[in-house]
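Two complexes are shown next, each including chain A; its partner changes from chain B in the first to chain C in the second.
Let's look at the complex of A and B:
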């Protein structure tokens, strides 16, 4: 269905996922079943190479959506490891299985009614205190988030610290899948981040001011005129517009203030 | 064995970059920039852009835009039959009934659902993958809004949007966009989105390609992830929003009055087709990177297969600006494991140089995306790209400059997502540059609508990447995240109002699909293609040959 073309640039011709790889084949065990796949592929591409078509367990294919949480074990090692299938490269004799869904508890809340008091989180997630600080969650995190530390901060009532520590969380759920205390860490720290963003971090006053200015109608006429300006005139305005320099500091002010 | 984590092969090339780095940093500090192109020079360079390759396109033979030349990959989907025989569907018995049906699982869809619910509607959201697995989640750079009145205003934002889009954008849509953007940002702040801020609460902001003021706000380098997980979390708090995952829409359903009155969904796991009756529909299915137009690699998520374009077009909604597709200048071309992966424009916004094989600058790093991409492609065609051991060619993005310019640790803290992934592959991007090449990134055009998100079909609203008009022929960085918020909100509100005030109870119909099939036949298109595609096909031919008892319908077994 795609168009075959002879391009000078090889990068343009390779639809990566369809390209055959002439690499050495290595054995892997997908849910215990042996397949031979080219080395250097990610777990996701190795499974597709073997013949799997994903419906679940595949999302952004770029390590940010958390859809492809995977557990694996290497031969002779007792240790269960975790990864995102789209990020981890296969290794010989790896045993692997995806966890596309994991049932956990998530509290319902009226966000507008919450305050920044730590008790709000305790009330919604009393199981927070079932955490025994075993650190399995941190070890399970493919993002390298210090999950246990974030949970510890929440227990101590330090919502800001929990929010900052957990900022890279992609909510794959692997932490919850390994939790001895049966916490859904990723929902708890999501709540922490929202409280921090809306109710602890200082608000952007300049933004509120701009919204007020717009609502008063300051720009209505300018925009109305711009909509009807001819293309040539618009191009002129575009090219003449004053540019804030790359190196300008926060205190930079334009010379032309007519349209502010 | 390796040099800074790259194979030895790259050592001489990386050394050239390192040799002149101090001098380039010096120029940066003095504010000396590589000159921007004039509008005429831009036009000349754009001839190297994939959009300008006539052999990559053909005319559509059917539908409201008959005769319009767009990429073969889009035409293939538009000149295809429905996945299901419309006569087989029992429309007299709906499996679900609701006020507003939202189709899509990303930012625009979720935000539309929230606002529809706030306007009193019962909402069903039908998603193809998990709720939130969408391009929104992957957006890194930031979100534009003129938030600082002492130096910026919607006037300047308007000019930037128009200039980026080659002055072809829909003026009404752009005006509404720039005016609503600050309020949309405020709404996100209220929901708890953790924007990067100064200690006093002022929003951090930077330039993006084609901006005249620093108005790109951001949440470290995970802006889209932070926005998506926050709005999704909020949707999960609302009892009147029901989400049906892994159930993409395969057709819109109209009623006897010509209003959009629901959709036919496909449960991808049980293979059932499901009828949803609704009083209004929001279509927000996103983009099309997984069509791999002209064979390009893509930054897009697994489900970006242009489904909404197919559904809307069959129901009679015209297309706008589908002749242009955005190639992001900086996708990873090496190492292979992350090929196609997006490197945010913010590296360039913060001062990382773009360099050819000789370690020389050849373009200002903040040209609009189409110009920047075309210039990269030309440099490589001229033989000045950096070769790779995998037989490709790329351009350097000199990330280590940022640690020198902004203090050690800048790359690691401001680009933590990128740093971690490269680090896993043995490359420290605060020490070694990144090798990039343009990658298929964004569908500039889409279904035609207006600044109220209305389409030609009453009761059908659209929002986000599936639409065409706001970005004209080329989108600027930071305007897609704002697009989904501004127009997600407008679509949600208007759909709820339509459901309450204008929707009529009437017989459901798929007659438009039958008419479309007839039109295909009359145009002489005999094909076994089916659309929407839903998911791309990455099964190897060697595997398919052995699937002796399987038959394929499009990309599906």
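Let's look at the complex of A and C:
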């Protein structure tokens, strides 16, 4: 493929690719307008195929950033469905719209000043208690998080449980877009995970010890020496280093134990 | 014997002194309270608006969790949760049209028709264990402890869900007698504590509380026994202020019924979490040699 061809717009390139593989075209409706797109494309790629260009609201394209929340319905089904546009492949007759951003209330706080008391969350997000357990948030989660249960856990003051239940949240905000009580669930449960991680989980003592050892200068000399090694010598050192075998017991140690 | 159990949010935060002694005591009496999975807020206040079905969703979801477990009975400890859950349950039993709307709204859940029976822990003590058996299990009779039963509203009103006579309830008196305490009847026993009026009229509710507490005092009570965290809040929170305002006002310790139960059954007083009580319940107990 020539450089010139590579610079063509994505839709045209996709058309060409489509011809090459002769993919079947299926109808989808993007914001109400019908397009024929090759089956097997993700929603995001199908939209690009149809001529849309994502300047924002596309994010990582890997299912982890939460920027491409999509809502859709199929004809004859009253159920609203949700997906991440970069993950879900198109289906015939999807009616879809992007919700890359939804305005919500995000509390301002100085994290260092917070304690792990549930009342901290209650104070920052008093609207928590507007939840009526309608469960629309859980239904709107493309990650399968039990959002309503996580919110219930917060109301019960169980920050650890809220953090556990919301582990897979990627902050796409679709929960908040559907909330009857106008809660920003994803910010509340993020606060829960932050408090849990920083103020409830026990500190890793061995990590603190290791940081102490490093700060005491145990590795300063060897690092300084490595800085002055020539490139070839550095490669040789790396290639000839003693690596832990693929299968090694708990008590495996290298021959050189000076830096353990 | 295991019993499906609904705690309620307040029992997990402010009112651990209601929950923990209750669970520990029931275990001694042969009942294991098993918290239902994935429970939500009970709804806090039963919605009286006929067409306000959305506020029935939370309590009914909790009842669905019980049915999912294959259980047919749900025990509650918080009087407010009891009220909300039992009334929502009644709605599902008796109103076919609303039942259908609610079931259809919660289409991700199994259908529910009020199959679960909602009971309060006092009913379990009275109807399943019995006062005589309870009295036999008492290790530390609460002798000479003069306690006024305070029912408030939510265990007795409305009539359809009452655990006892609406006008002249005796369940708390019988409970106290089984524990060896001396119950003190007083006319304000079933008066409302002011409930959520505390939010908009805190000063009025303080004065209201003073009437209730003074009445109990004038009938010879040394303390009040309660079943509801909101009664505890309304009657307890303003006492310090009342002492400052009114010379004659005397601080009155408030106990949850489960604390007295645990104490009488000889459980370690730590389980009672007296540190969460208003006033000084421990000094009264020490005075009566009920606490070391």
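The rule is short, and it goes like this: the second predicted complex is superposed on the first by the 211 of 260 C-alpha atoms of A that agree within 3 Å, B and C clash if a C-alpha of one lies under 4 Å from a C-alpha of the other, contacts with A are read in each partner's own complex, and residues count from 1 in each chain.
The rule we apply is simple: a residue touches a chain if its C-beta (ideal position, glycine included) is under 8 Å from a C-beta of that chain, and two chains touch if they have at least 3 such contacts.
Just so it is clear, the structure is predicted and the values come from calculations on it, not from any experiment.
In the superposition on chain A, contact of A:156 is made with chain C only, not with chain B.
By the touch criterion stated above, A:131 is placed in contact with chain C alone, chain B being left untouched. A simple residue count on chain A separates chain B from chain C, and the partner touching more is B.
In the overlay built on the shared chain, the residue A:139 is in contact with chain C alone; chain B does not reach it.
Using the contact criterion defined above for the overlaid structures, shared-chain residue A:148 touches chain C, although it does not reach chain B.
In the superposed pair of complexes, A:65 makes contact with chain B only, with no contact to chain C. Applying the stated contact rule after C-alpha superposition, one finds that A:259 touches chain B and leaves chain C untouched. In the superposition on chain A, A:54 makes contact with chain B only, while chain C stays out of contact range. Judged by the document's definition of touching, no chain A residue lies at the interface with chain B and also at the interface with chain C. Chain A contributes residues 118-119, 129, 131-135, 139, 146, 148-149, 152, 155-158, 180 to its touches with chain C in the complex. On the chain C side of its complex with chain A, the touching residues are 7, 9, 12-13, 38-41, 43-44, 54-55, 57-58, 61, 105-106, 108. Listed in rising order, the residues of chain B touching chain A in the complex are 28-29, 31, 33, 39, 50, 55-56, 72-73, 76, 129-130, 132-135, 137-138, 145-156, 158-159, 162-163, 167, 171-172, 175, 178-179, 182-183, 185-186, 189-195, 197-203, 207, 212-214, 220, 222, 224-226, 229-230, 233-234, 236-237, 239, 246, 268-269, 291-292, 294-297, 299, 301-303, 333, 336-342, 349, 351, 366, 377, 380-381, 391-394, 416-417, 420-421, 424, 437, 529, 535-540, 543, 557.
Put simply, chain A touches chain B in their complex at residues 1-3, 5, 7-18, 20, 40, 42, 48-51, 53-56, 58-65, 67, 87, 89, 106, 108-111, 143-144, 163, 167-171, 190-191, 193-199, 201-211, 213-215, 219, 222-224, 226-228, 231, 234-235, 237-239, 241-248, 250, 252-254, 259-260.
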